[in-house]
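Sharing a structure here in structure tokens format.
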Amino acid sequence: MRVAVFLPELLRHLFKKPNTVDYPFVKLEVPKGFRGTPFLHPETCIACRACERDCPAEAIEISQVSDVEKKFKMTIHNDRCIHCAQCVDSCPTTPKAMEMDHLYEIAAFDRHTLKKDWTFVRALPKKEPKPAVPIGGTPT
Amino acid sequence: MKFQIPIGPQHPALKEPISLRMTVEGEVIRDVDIRLGYNHRGMEKLAEQKNWIQNIYLTERICGICSHSHATCYVQGVEKLMEIEAPRRGLYIRYLVSELERIHSHLLWLGVAGHEAGFDSFFMYTWRDREVVMDLLEMISGNRVHYAMNTIGGVRRDLDGGQIQKCLDGLVVLKQRSEFYFKIGANEPTFVGRLAGVGYLSKETALALCAVGPTTRASGIARDVRRDDPHAVYDEVPFDVCTADSCDVLGRTVVRIKELFESYKICEYLLKNLPSGDIAVKAPKKAKPNEVVSRYEAPRGENIHYIKSNGTDKPERLKVRAPTLANYPATVEMLRNGFIADIPLIFAAIDPCICCAERTVELVDARSGAESVVRFSDLRALAEKRAPHRIAKGNVPWPL
Amino acid sequence: MNDAQILELLNTRFAGKVADVTNPAVRRIFLTVEPKDLLAVIGGLKEAVPGMWYLATISGSDLGESFEIVYHFGHDHGNLNIRTRIPRSHPHLESITPVIPGAVLYERELQDMFGMVIEHIPDPRPLVTSDDWPANNFPLRKDWTFERVPEIIPGGKK
Amino acid sequence: MAAVKTVLYLLVYPGLLFLFVYSTFAEWFDRKVYARLQNRMGPTHTGRFGLLQPIADFFKLMSKEDIVPDQADKKLFSVLPVIGLAVVITAGLLLPVWYFDASATAMVSFSGDIIILLYLLSVPTLILFLAAWSSTNLFSTIGGTRVLTMLFGYEVPLFMSVLSPAILADSWRLSEIALFYQHRPLLLLPNLIGFVVALICVQAKLERTPFDIPHAETEIVGGTFTEYSGKKLGFFRLMTDIEMVVSSGLLATVFLGGFPGGLGLGLLNFIVKTLFIIFLLSAMRAMTSRIRVDQVVHFAWKYLAPLAVLQLLIVILIKGLLL
């Protein structure tokens, strides 16, 4: 046992730059594969509902808007999302219709503002040619 | 004069809710009663209603600190049930994350032990250096806490050369820092004075009370699932089981720091001998009726999952035993005849993960006090009465 | 001790008391005993190789007409699972705490979750259910179902 | 004129206002040093470099809900923080810093004021005990008994070590002790052991790590302060800050040769020397972990008290042989 064994290390850091980050003013970079919030590329989605089935938090809801045009509505409830990215893994299309972005400041005061939905016409599975005019779903 | 003091459910020494009732005489503890069930989450019942894939994420959320260990334990069981075998590369990456998680958990524990002993500088420095391993995990998996690396039949993300190099660089830094903390932990007189001789658990008691993990290893019992039941990669990786004979909190600290060095060794081995190939195989949706016992050495001790399947895509029964639950009876023994001042240290020395132990069943949050029970809805009504202007208008029920 | 030695020990020392001794995977042994022999088998195992066995957990499951209880023991070379069955109509079971004191938490959990009655348990209080948990509600029985409480999301203009 | 001067004296310059401002600055300094030693930032955003953070904390506590427990002795519970604050401010007036001129020492200086100062510094400890006892909370009660147990440990070594320079200077008057050492600075060296002992004892008196046992949050929640909130807690915190300034001022007077140089330079001397002592206290806080109350008593009587006696012996020897 020695007295003041920690002291040299402490004094060494007295005039060094702090290791902490002044967070809301200075932000850290997230790594490349960071899992943020999921979002949809509606032009490639074939509405197979694999993501809805595998989502552990039941945060994805897909409903058919109209029968005639094969129009679907997908709602992602980000207030329930646990950011596991299983929806991206389950997505069978290439390129993937589901993707994760890099946002991490996703807190909100109102859970209702966290809901995001897309209305789109189903893309046809790969064998058939792509639809001529994919109706881009704008997030509402 | 004997009186009872309540430690918890809310107490600064406890990061999660549990209720310990101490009967004390002056500063000396005479009797201890542990009350669980403050907030049960009904995971075992819930698991019977979710499919195999969804349950990976459910088991991962049993615990925050050892999230990977529960998911791995579950996944290696399910792989046996489905009779598939994960590719070598996938296994290497899976257990690399396990060992990185052990490093992060033990560094976290060191900091917590420092904080419980009032050694805040130690706490700050260990947690600063824990950021190194946290950043590595974030780089590998995409998240700092819930790595979500496991999938049935392998892992979900591959490692590239740059990441391997970054991991090796990080391990060098960590090794150097851990040596420094070992020196501090063994030499700072006030710290050693708090740890040595505190929370004595003899070898016989540890055996009788079925304690697990570093708690038993500090009592001189070399018991480690990685060695006794060498699942997956552990039969090819060289490592030692660390023990200590002092049977006290100091011994548990020493065991954990030694395990850090073993984990660095294992990580380096896994990174340098990473085989090439696939990282996952495709898993079926359903499993034949069978049963399996899956064991895994979590940072806190043996983790055991008993999984029964019934031919559908959902498990028939998923029994989870987290290491913390197994250590509670031993904790009671350790606390008896100790000082009040040692409660946080002794309790922290088993590295309690209360959310692991409290996963069984509860649908309504209820607080179990000895005298009264207050439901969450009552509290909410009370809060609304006190601040009527705060009531949110237009509540919308889920599902919409 | 490896699997073969343990199997031999079980078949010689406890012949007649144990049934269905299987070894489905390496380092995993399952066996079935009658509830009345349970204490004798566990005690005998402990005597045969002292200091080797420890109780990992006790898991129960609901088979409909009966409850199955599996005592998972860890040892230096894997895992031993002792299975026993008790009828649902009379779910009484002897406590193993005289042999293994650390079993008390798991037995209390069985009482709460399956409504089994563990005889001679040193501490019969509920462990995991709250103080105001309604009587005769045993969540892990298969016939116990729960209503999912509708989740109210506060706020919102819609 | 004399009355105005006295009022100014009590309320503005060395009294309430100055002590308030300076003690908050001392708390900021302590927090900043503690943070930088731990590679953190410390207060950053309230005022320049976070200088106003302790004042902001104080006013925030002033505006918080003030709860008095039903079971508590309400009068005692409420009046104790004010008494404690008054006691430490009175002690602050006794420090020989603020000479307006050499003849005006009558207000602040008299023979035996070192004893009065030491006793005034003991009163906050008793007030903490009474506060803990009157709030009847279990954690407070344990904290209160710990306060008293610790008092028996550190009080005797503190008295012995602080009084031995006084014996060497052959005076019980702070300004005279300071003057004695200002003329013979080399004689400060033999008091080094006493300085270390006194530093440790002051750390214990201020209940900072490793002696923060009475309010060890991981053991007994808030300890003595468990039931205190709002204004009363704010007063207690201010009391601790002023106590830190006054006791480091006392150590600076006795062991570092006081604060020579009149109004301006004297003040500068005061600030530099007290901050030096506060820095030492912060470093001690950063490098140790909390010890148990039985270890405190053991440590105090096994190491601190013999060292203090040794200091006394050295002083007596020097006095007999050299002076």
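The chains carry the letters A, B, C and D, assigned in the order they are written, with residues numbered from 1 in each.
In the analysis below, contacts are C-beta pairs under 8 Å (C-beta built on N, C-alpha and C of every residue); 3 or more make two chains touch, one makes a residue touch a chain.
Model, not experiment: these values are computed from the prediction.
Under the contact definition, chain C and chain D share the contacting chains A, B.
Here the two chains linked by the largest count of contacting C-beta pairs are B-C.
Each chain's centre was taken as the mean of its CA atoms, and the one lying most distant from chain C is D. Note: centroid distance chain A to chain D, computed from Cα atoms, is 55 Å. Centres computed as Cα averages put chain A at a distance of 27 Å from chain B.
The centroid of the Cα atoms in chain B and the matching centroid in chain D are 43 Å apart. One inter-chain figure worth recording: chain A and chain C are separated by 42 Å, centre to centre, where each centre is the mean of the chain's CA atoms. Shared contact sites, meaning residues of chain D that touch two or more other chains, fall at 37-40, 286-287.
Residue positions of chain C touching 2 or more other chains: 153-158. Shared interface positions of chain B, defined as residues touching 2 or more other chains, are 121-122, 125, 128, 188, 396. Which chains touch which is summed up as A-B, A-C, A-D, B-C, B-D. On the chain B side of its complex with chain C, the touching residues are 36-37, 40, 42, 44-45, 80, 207-212, 223, 225, 228-229, 292-293, 295, 302, 304, 306, 308, 316-317, 319, 321, 325-326, 328-330, 358, 360-364, 366-369, 373, 375, 392-398. Taken in their complex, chain D has these residues touching chain A: 33, 35-41, 44, 283, 286-287.
Chain C makes touch with chain B in their complex at residues 25, 27-28, 51, 54-57, 59-61, 70, 72, 74-79, 81, 100-106, 109, 112-113, 126-132, 139-140, 146, 149-158. Looking at the complex, you find that chain C touches chain A at residues 153-158. Chain A meets chain C in the complex at residues 79, 109-112.
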